[in-house]
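Same chain, two partners: subunit A is paired with subunit B first, then with subunit C.
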Partner chain A sequence: MSTPADYGRARPGRNQGVIHDLGYRHYDGPRLGRAVITRALFVESAKGAYGLGRSARSKVMPMILLAAMCLPAIIIAIVTVVTKADAPSYTAYLLNTELLVMVYVAGQAPASVSRDLRFRVISLYFSRPIRRIDYVAAKYAAMAVALLVFMVLPLTILFAGALLAKLPIGDQVPNYLRSLAGAVLLALVLAGIGLVIAALTPRRGLGVAAVIAVLAMLAGVQAAVQAIADDQGRDTFAGYAGLISPFTIVDGVQSALLGADTVLPAQPPGIAGGLVFLLAALLIVAGTFGALLMRYRKVSI
Partner chain B sequence: MALIKTDLLTKKYGKVTAVSDLSLEIGTGVVGLIGANGAGKSTFIKMVLGLLPPTSGTARVLDFDIATQGPEIREQVGYMPEHDCLPPDVSATEFVVHMGRLAGLPKTAARERTADTLRHVGLYEERYRPIGGYSTGMKQRVKLAQALVHDPKLVLLDEPTNGLDPAGRDDMLGLIRRIGTEFGISVLVASHLLGELERVCDHVVVIDAGRLLRSSSTADITAASGHIAVEVSERTDVLAAALRTAGLNVTAVGDLLEIDLDDDGTYDVVRDNVAHLGLGLIRLEQRRHRMSEIFTEPAGAVDVNAG
Partner chain C sequence: MNATVAQLTARSLLGGRRVILLITLPGVLVLLAIIARGLAGQDNDVAVGVLSGFALATLVPLLGLIAGTGAIGPEIDDGSIIYLLSKPLSRFSIATTKVVVAVAVISVFAAVPTLLAGLILTGASNLAVAFALGALVAGAAYGALFVLLAVMTRHAVVIGLLYALIWETLVGSYVPGARALSIRQWALAVTEKALGRRAGDLNVESAVSLGVGIAFLLIVIVGCTWFAGSRLRSLRLTSDE
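Take a look at the complex of A and B:
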C-alpha cells in the first residue's frame, strides 16, 4: 500500500524529457491592495464591453454597433466639410441614435454581469481580497466608460468635421462640450439601469431582452405622453414628461441647465425644472448603485 | 502554529444547523476534512474564508479573525470551489492571469506565475484554447491553478476529485500531495470519499452533521491494530478450535479468523497449526484500521475529543 509520503511522486516514464521544470517557486513580491485590484477588474470589464481580450465572437456585436453609431456622424461630417453648411447638432445626436445606444447597453450589461453569475465566476472573485462594493464599483464604472466611449466617439467625429469645414470654433466648442456633459450623465444613468436589470438574471438572453424592453418601453411611453400633453397645450406637464425616459432626462438637463437646443416638443420649465431633471438623473445613479450592492450582498459563494 | 483555529463555531440556516459548536485546530501539511454530503464541509470552508458570518463562535485563520479580517485572509488563501466556476469564452492562461491580478499580483508577476502554475498542474498546449472546450479533468486543473496562482499559504479545496475518472482522480490526488510537500503550501481538502484522503493527508478531521467526530493524524487512524487476520483454504472452524486450544483469542469474521496479536510468537503458533492440519494458507496479515471504520464503529468507541 502506498503511504501518503510516497504518493504523488513522479512516476517513471511520465513527463520524461521535460528539462525546464524548475520546481515550485514561491512569490515574495508585492501584493497590491483593493484599489489596484478593483482597477484591474474595471479595466478587464471595460475592455470586455468591446470584446477585447475575449473571443472573436464577443467582438462582433459591439464593433458593429459602434460602427453603426459612428456612420451617421461620419456622413454628417463629410456633408459639413463639403457644403460648409450649418453646424451639426451635437446635443441632439444621442437622442436621434438612442435605439443604437439601447441595443449596445442591452447587449453589454448582461455580458458584463450575467456571465459572472451564470458561470459562477463571481464566487472566485469574492474569494479574493476585494469586497462586494469593489466589484459593483468596478462593473459600474466599466459599463459607464464603455458607454461613454460609444457616445463620445461619434460626437467627436461631428466636431472634427466642423473643424475641418473651418466653421467658427467659438460656435462649435460650447455645443460640443454640452453634448459631452450630456454623454457623461447618460452613460452613468444607462449603465446603472442596464446593470441592475442584467444582474437580476444569470441568463444572458433574458437580460438582453429585459434591458431593451425596459428602455424602449420608457422611451415609447415618454414620447407618447409628451406628444399628447403638448397637443393639449399642457406645457408644464409636457416638459416634465421628459422624466420618463433616461434619454430625455439627460436632454432636459442639457437644454434647461446647459442652454442647449432641444429637438423635443417640450423641455423642463426653467432652471428649477432643469434641476429636477438633474436630481432625477443623480437619483437613478445612486439608486441603481445601491440596488446593485443589495443584489450582490445576496449572491452566495 | 495552527493555521485554522475555531472555537465553538456554529452556523445555522434558519432551523437547520450546518455547523455545530466546532472547536478544532488545523496545522500545516495536508489535512483532510471528511464528511458525508451535507455534513457541513462547504459551510465550514466558506466561514474560514471570511465569506459567511458564523451564527456564533469564532475562528482565526493564519491568525486573522474571520469576522473582521476576511480580505487579509483571502489575500493569503486560495479557494477551489466544488461547483463549476469557469467562464467558457477565455483561455486558461487569460483566466488565471486575471485571477492572479485579482489576488493582488502585479501584471508581470501574474503572467509569470500563471505560466508556472499551469505547468505545475499539468496544462500545456491546451492552455491557450478557450476553457469551454476542456474536459472535466482539465477544468479541475484550471480551478486548482487559479487557487494557487498567488502563492497562498493555505489552499482550501472543496471536493477536488468530483466528476473525475479514476486516472484523473489519481492525478489530482498526486497534485494535492505535491502541493503539500514540494510546494510547501498547506492544504485543507474536503471530500466525502474516505479512501482518497487516507492516501494524501497527514491529518484528518471528521465531521458529521456539523459536529466534530474526530481529529487525528492519518497514521493514528490507519495504525496497525492488535489483530492479525488469517484465511485458509478450508476447515476454518477446525483451525479456530486448534488455535483456541493453543491459548489464542480467536474471532471468526466470515471466512476470516481475527486473532489477538500477543507477540511475534503468535505468528509461529498460527503457522505451525496451519501446517499441522495440512491447510492451504491464503492470507496471514496484520490488520489495519481503515478510515471507513470511523463511521461504522459504535458511537461509544469513537474519540469525540478534538485532537
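Take a look at the complex of A and C:
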C-alpha cells in the first residue's frame, strides 16, 4: 500500500495535474433534499417490513405471521356473527396474541436496520443530505407503522364481525377505540425496543434472537412476579408488576386510564397508577429514540 | 467429533456479543428466583411455577435457540462455512461437533442456573436437581433441533421461535395431542420421574410417560444431528435476500 506521501514522491509533477473535461453534463435541476429522502426511507422501510418490494422469500415470514395474527380474530368474528352473542374482547386481544407480536417485531426490526450496518450501506445513507435524526426517525416511524398495521388489522376484523352481527354499536365503538389507542402506544414502545436492540448487532440472526429473548424474558418475569405477588395478597406490588413487560404496561394504561377491562390478575392502582404506566411507556419511547440517536452518532459496528 | 472445529465453534459462540445474551438470560432467572423467594418465602408451589413455567418453558428454549443456531448459523450466513466444508472432515463429524458444543453451552448457561434458582427457591431439595435434570435433557434436544434448523433454513431463528414459544405454549395448551409432540413435555417426564412420589403433590405432570419421553428425546437428538450432517453434505449457499 502506498501512503499519500509516497504517492507524492513517486510523481514529482503532482501539481501539473489536469482535470479533463469529459463532456459529462451538469445537473442543474431541483435537489429534493432531506424531507424527501426521509420520506422515501420511511416508505421503503415500512413496505420492507412486510417484504413488499423485496423478494418473494422475504414476504413469506411476515405474511405467515400476519395470517396467524388474524386467524383467531376471523374465527371469533365468525362465531360472533353466527351466534349473535357475547361481544368480543378487543382490549385483551393483543395480550393474548403477544407471542406473535413479539416474533413479528423480532423478525422485522433486525431486517430493517442490521443489514444497513452489515453491508455498510449506512455510510452511503449518511453521505447524502439526511442527518442522523432523519434516518432514526424514518426507521422508527416505519417500524411503528408496520407494527400498527399488524395489530390493528385483527382488531378491525373483530369490530367488523361485531357490526355484521348487529351487536349494539354503542357498546362496541368505545372498546374498539380503546384497543386502537392501546395498539398505537404498543406499536411505538415495541418499535423502539426492537430497533435499539437490533441496531447493536450487524448479524440478523443474533438480532432476532436478542429482541425475542428480551421481550419474552420480560413477559415471563412479569407473569411470574405478578402471579406470586397477587397470590401473597400484595395488591399494590402486583399492580405495579405490570411495569415489567411492554405489553402489560399498555394494558395498564388501557385499564386504568381508558376504562377497559383487563384479563390480568392485577391492574395499576387508580388513576395515579395509570399515569405512572403511561409515563413509563412514554419514557421508553423517548429513551429508545434517544438511544438510537446515540447509536448512530458513529456508524462503526 | 473434531477438537479444532469444537474450539472454533466455542470461540464464535462465546467470543462475540452473543455471550452477553447467554449470561443475561440465566441472570434474570436467578434474579426472579431471589424476588420470588423474597415475596413468597420457601414455597414449593411457587418454586414449581418459576422452574416449570419460566425456566423450562422460556429460558431453556431461548438459550437452545441462541446457542443452537449460533453454533452454525452465522457461518452459513456469511458464507465462511465453505472453508470448513472444504476440509477433509466428515460432514457428520462437523455436525456432531457443532451439536456437542451447543449442548455443552446450553448445559452451562441453562441447566446450572436452573439448579441454582431451584436451590435459592427451596433450599437443598431434590426439586432443584429434578428440574435441572429436565433442563439438561431439554437443552440437549433443543440444541440438536436448532442446529438442524440453522442448516436447513435462513429463517431458523424465527421458525425455532414459532415452534418453541407458539407450538409448545399456545397450541399445546389448547390441543391435547400437540402436547405429546413437545420437547418440554418429554423433559418434564424426566423431571416427574426424578421427583418420584412428590411429583403428584407438586402438580408436576407430563403429557407422556417416562419411556416415551426418553425415546423421543433420543430420537430428536440423534436424528437431528444425523440429518444436519446429511444436509451439510449437499449444502446450497444462497445470498441474503
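FYI, the second predicted complex is superposed on the first by the 270 of 301 C-alpha atoms of A that agree within 3 Å, B and C clash if a C-alpha of one lies under 4 Å from a C-alpha of the other, contacts with A are read in each partner's own complex, and residues count from 1 in each chain.
Here is the rule we use: a residue touches a chain if its C-beta (ideal position, glycine included) is under 8 Å from a C-beta of that chain, and two chains touch if they have at least 3 such contacts.
Since we're looking at a predicted model, the values are computed, not measured.
Applying the stated contact rule after C-alpha superposition, one finds that A:Arg297 touches neither subunit B nor subunit C. Of the two partner chains, both subunit B and subunit C are touched by A:Arg115. Of the two partner chains, neither subunit B nor subunit C is touched by A:Lys84. When the two complexes are overlaid on their common chain A, residue A:Arg31 makes contact with subunit B while staying clear of subunit C. When the two complexes are overlaid on their common chain A, residue A:Ser55 makes contact with subunit B and with subunit C alike.
Applying the stated contact rule after C-alpha superposition, one finds that A:Gly23 touches subunit B and leaves subunit C untouched. By the touch criterion defined above, A:Tyr125 lies against subunit B but remains apart from subunit C after alignment on the C-alpha atoms of chain A. Judged by the document's definition of touching, subunit A residues 54-55, 57-58, 115 lie at the interface with subunit B and also at the interface with subunit C. Every residue of subunit A that touches subunit C in the complex is listed here, in rising order: 54-55, 57-58, 60-61, 68, 99-100, 102-103, 106-107, 115, 200-201, 203-206, 208-210, 212-213, 216-217, 220-221, 223-225, 227-229, 231-232, 234, 237.
The touching residues of subunit C, counted against subunit A in their complex, run 16-18, 21, 24-25, 28, 32, 35-36, 39-40, 46, 49-50, 53-54, 57-59, 62, 65-66, 69-70, 73-74, 77, 150, 155-158, 161-162, 165-166, 169-170, 240-241.
Against subunit B, the residues of subunit A that register as touching in their complex are 2, 4-5, 7-9, 21-27, 29-34, 36-37, 40-41, 44, 53-55, 57-58, 115-116, 119-121, 123-131, 301.
Looking at the complex, you find that subunit B touches subunit A at residues 30, 46, 49, 51-52, 71-72, 74-75, 77, 79, 81, 83-90, 94, 98-99, 101-106, 109, 113, 116, 119-120, 130, 146, 150-151, 173-178, 181-184, 199-202, 218.
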